[in-house]
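Two complexes follow with subunit A in common, the first pairing it with subunit B and the second with subunit C.
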Partner chain A sequence: MAPYLLSLPFVALFTVFMAAPILVAVWSSLFRVRRSGLGLGGNEGTEFVGLDNYVLALGRPEFVESFGRVLLYGMVQVPIMLGLALLFALLFDSAVTRFKPFFQLVVFLPYAVPTVVAALLWGFLYQPGVSPLVEWLAGLGVDAQFLAPGTVLWSIANIGVWSYTGINMIIIYSALQAVPRDVYEAARLDGAGELRTALSIKIPMVAPAIFLTVLFSIIGNLQLFNEPAVIRSITSNVTATYTPNMSIYQATTVGGNANLGAAMAVIVGIVTLVVSVLASRASNRGTKGAL
Partner chain B sequence: MAPMDPRPSTASRARRHGAGLVASAALIALLAACAGGGSSESPAAPADAGEPVTIEFWGWVPNLEEAVEAWNAENPDIQVEFHRMTGDDGDKIPSAIDAGTAPDVFQLGTAGMVEQIIAGRLLDISDYVEDVSDKYDETAWASVTFGESIYGLPQDAGPSGMMYRTDIFAEHGIEVPTTWEEYLDAGRALKEEGIYLAQLSPNEAGFWLQQVWQAGGSLAGIDGDQWTVETNNEASMEVAALWQTALDEGLFKVVEMWTPEYWAAVNNGEIATINYLAWFPALLKENVGETSGLWAVTHSPRIGGEETAGSGGYGANVIPANTEHPAQAAEFAKWLNTSDEGLSFLIERGGIFPAALPGLENEALLVEDEFFGGQVINEVFLEEATKAPSTWVYGPTHNLTQEALKDAFARVANGELTFAEALDQVAADQRQDILDAGLAVK
Partner chain C sequence: MSAPAPAPVRTLADVASRRPHRRAVGPEGERPSLAFRVVAGVILLVGTIYFLMPVYWLVVASTKTTTQLYSTPGFEFAQNHLWDNLTTLTQYDGGIFWRWLLNSGIYSGVGSILMAAISVLTGYALAIYRFRGRSALIGIVMGSMLVPQTVLAQPVYLLVVELGLNNTYWGVLLPSIVYPFGVLLAFVFAQQAIPREVIEAARLDGAGELRTFLSIGVRMMIPGSVTILLFAFIGSWNSYLLPLLVLNDARLMPITVGLAGWNQASITIPGLQSLTVVGAMVSVLPIVLVFVVLQRYWKNGLALSGGRF
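Right, the complex of A and B next:
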């Protein structure tokens, strides 16, 4: 009996906060509110429509485009962010770094800033007319357009890199700390320098941790909402349906169509699952090759 | 402007129709009085009429507490509990209505009313409020009327007016424009001096909406049992042509509204006019205080030779469909929004620009303002308050359409589209959104 009792808190919380909402979303996505004419008579109940809401969602070009946008975003932002995280982790792990705790704190600190606040801060730096950064660049003869149609996505990506490099550094660094020290000693005896050790020993040894950060980043990027929603308040070049989650917000909160929103949410969930599995497969192959 | 423009006839037809509405409402009131019922006794009065009841009221106008206190002192049978709306209280109300825990009266902008009516959340209060229809002008009354039903009482209004920098116009010897032709000419003269006529802010749809309203247009309409898409109709296209000219000639400064960059541009005198709504001067004072004394207000430049004004819609008091005390709730809403006593609280203590006609007589609106060089700016807004065409209809997907307009205008600002193309695109999206909501569209 004890094992069941002990697992009860988890099962209860999982059911209430994970399983139930997913089931409600899937169920809700199969219905629509029945209305007629002008609709001023109020709702006439709901009706089962099968997959109609999914057809409707996928028939909206801006919703489909929003996936393309976050995938493009992810393909650029994730490698830069994780590259930096790995670099910092390796530096902190090597003996050469001085004032290590201080610099670790500096790299980690942005993660402690809520994303909305981070977006507001960066938004201020991006905005012509008030930004010291734009002014300084103008002084150097650079006309910086952080909020233009072609650049605003990367300005948002920059906020993501700034915010999340720290936490990913910590994950990789912790993994590095767990590598047995005698492996390094053996490497040194074989004549490997710091660089060689890093490339041939450390990175392969922490590959599972790196994969974990890749997975988290992919999931996080598919759910991108706060940063673009905040930046939208200072530039209309971020549309109302810029990311999949913004499209859902648009359909539900602004448009009042909860059933369509539920279908969109399920689609986001499925895409996340598929991309995660693909990343996982690719990584397994990669890890095996390396070891 | 084309002399064949059909708007005058549409407008006057609507005006006649409105007069008929008022007349028939008066007739109904008269018949009710003859029948000895007394028009304040509603036919749907609940069983507990006569027993003291307590109703809940949510609003955001400053110092409403004082109005509620005065009402409670005089009306022991209808006690009102007031809750001040802050933050996302407005977003909570739809769920509260669905859960049966909503207030009995609450404040809602007319732009968001249709969506709530379609969701079945608002009460048709025609039976309770028809006797105060003569306290409103036709356009204000039309804004709460859908089909045969009335769903709220307008509280505050936002007629349009043009705020302009007197110093800039005086210094360069440019006449203050009174029509759109003059407005564009003034813009060309200002451009020579390196000053923008006005702003183009894709993130603030209000400028566009109020001007389409002024031109006798709308984003949506009703034709029998179907919604119509009006976003790219003739009146809108006329405004689009004017804006396109101004944009193409470089008379508009493209800047996102409400941003520090925007206020900096206004403060620096880069923008000579702001053609916006009656509630905007307060924000102007708050954000560009350094320019105090340099501003004045006049009516919006007339479009197509017609003496019409724009509007930003109304704030209204509405009653949820499932309230237990509809008659009492309506009684209180009528007192607050249409009686001299209620209106004086709203105007003198709440600082609103009233929607009801008796409120427009209130002396408290007529104060000289240092910021506007001692001008009594409400003299202009009062003059304009009843000039908004009654052609405007908020559609069932108004919020979505407004977001679509913002996104499309951003592309116009970037030179990817013209205003006319943007409107066609938004109209197509709007049609689809109405269909997706399960409604009929022509």
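Right, the complex of A and C next:
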């Protein structure tokens, strides 16, 4: 009996707040609010519409485009962020001994800043007039436009890099530390240099941890909401439907169509699932090759 | 600033190739060459500037009036108006800012304690017992880690409305308590921290299951649960979309929703800009302090799990 009693709270909460919402979303996505007369008479309950909401969602070019946008965002943001995380993790693992706790804290600290606040902060640093960065670059003769149509996506990506490099560094660093030291010693006696050790031993040894950071970063980026939602208040180049999650929010609140929002949420969920399965397949092939 | 590093892999290769000596295994080992230490130092310096710059700007900006934000150099202190700003912050809208901070404290504090407790219970059960449904439960935990809170926000909101909990504390607090990552951490911690022989010995001594759990399990899992608590706390302190959907009443909002609202309103209400800045600083400070104080838990805690999650 004991293990069932112990896991009961988790299972109960999981059922109510994770499993049930998914069912509610799927159910609700198959209905729509019926309006009477000329749409002035208020709501008259709901009617079953089958997959109409899905057709409606996928028929909106801005919703489909938002997937392309977060995909492009991820293809650039994830390699930069994880490259930096790996670089810092390797430095902390082998080279940096003095002030290591300080530097680790510095890299990790942005994780303690809520992404909403991080976006607020960087928002100020992007705005001409307030930003010392823009001013400084202007002094160098560079006309920096962080919020222009072509650059704002990358300015948002920078917020993600700033916020999440630290946690990924810690995950990779922990994995590096777990590798038995005598493996390196053996490589060193075989005459392998530090670069070879890093590329041929360290990185393959921690490949599962790196894969995990890739997977969670991809999933996280598909859910992009906080940063663009905050940046949107300082530039019109971020639309209300800039990311899939912003579309869901827009449809549910301002759009007043929670059923459409539910259909969109189901679509985002399915895309997330497909992408994670594809990513783990690719990684299985990749790690087999490396080992 | 949008791409903080030139192709990271190249940089790594550069670093390593300029490193003729490598550090031997022990602490007494060879020191890396001067050239390597210089390159590593430069990388760390650039990194430090990049990661600390926004925080430094925040500290400087919080001492300025809205006019000074625009008229004085951003990285330099002007006349100190921090006290005035704090006073205005406290008085604005009947002290709503402190209410938000208190709300965030309630959502994250109560929430993360419950999250950690539930995770420890489940993690202990998974690590110590072999029972029917165990592998299904592990599957549920692993699978639900792939379902981010954000994609669930809208469905959870629909459910919360159905339950009549929208615009209440419960509507935000309850859904956030499901924390599969915490369960996984607790499972790994329990496997490593609690030797099976100790459990067997306790049972032989006639201790019941509950007593064994309370006197051995809980005690041995305390360091692990601090790590879970820390990450759970950060996770819910960060939460934005769900409270944004669930809450209408400004007096129930957490700090993220409140500050983002001010930021948006500051376009039309000029004085709000400096309040947003000071508010951001005041809200970030306590968490940063917690991080500095609890360093060994976010470092060693994750190391303990050996990057296995």
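Please note the rule applied: the second predicted complex is superposed on the first by the 286 of 291 C-alpha atoms of A that agree within 3 Å, B and C clash if a C-alpha of one lies under 4 Å from a C-alpha of the other, contacts with A are read in each partner's own complex, and residues count from 1 in each chain.
Operating definition for what follows: a contact is a pair of C-beta atoms (placed from the backbone, for glycine too) under 8 Å apart; a residue touches a chain by one contact, two chains touch by 3 or more.
Fair warning: this is a prediction, and the values are worked out from it, not measured in the lab.
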Contacts of A:Ala186 with subunit B and subunit C, given as first, second, both or neither: neither
First, second, both or neither for A:Leu72, with subunit B first and subunit C second: neither
Touched partner set for A:Val130, first subunit B, second subunit C, both or neither: both
Touched partner set for A:Val55, first subunit B, second subunit C, both or neither: neither
Which of subunit B and subunit C A:Ser233 touches, first, second, both or neither: both
Which superposed partner A:Pro149 touches (first subunit B, second subunit C, both, neither): first
Comparing the two partners subunit B and subunit C, which touches a greater set of residues in subunit A: C
First, second, both or neither for A:Gln250, with subunit B first and subunit C second: first
Residues of subunit A at both interfaces, subunit B in one complex, subunit C in the other: 124, 129-130, 233-234, 253
Contact set on subunit C toward subunit A in their complex: 1-5, 7-9, 11-13, 15-17, 19-20, 22-25, 32, 36-37, 40, 43-44, 47-48, 50-55, 57-58, 61, 69-70, 73-75, 118-119, 121-122, 124-126, 128-129, 131, 133-134, 137, 140, 144, 146-148, 150-159, 162, 174-175, 177-178, 180, 183, 209-210, 213, 234, 237-238, 240-241, 244-245, 255-256, 259-260, 263-264, 267, 276-277, 280, 283-284, 287-288, 290-292, 295, 298-299, 302-303, 305-307, 309
Residues on subunit A engaged by subunit B in the complex (per definition of touch): 32-40, 42-43, 56, 124, 127-130, 148-149, 232-237, 239-241, 250, 253-257, 260
Of subunit A, residues touching subunit C in the complex: 2-4, 6-7, 9-11, 13-14, 16-18, 20-22, 24-25, 28, 79-80, 83-84, 86-88, 90-91, 94-96, 101, 103-118, 120-125, 129-133, 135, 144, 146, 151, 154-155, 157-158, 161-162, 165-166, 170-178, 181-182, 184-185, 188, 193-195, 197-199, 206, 208-209, 212, 215, 219-220, 222-223, 225-226, 229-230, 233-234, 245, 248-249, 252-253, 258, 261-262, 264-265, 268-269, 272-273, 276
Contact footprint of subunit A on subunit B as seen in their complex: 91, 114-115, 117-120, 146-147, 149, 202-203, 222, 225-227, 256, 258-261, 264-265, 321, 396-397, 399-400, 403-404, 406-407, 409-410, 413-414, 416, 433, 436-440
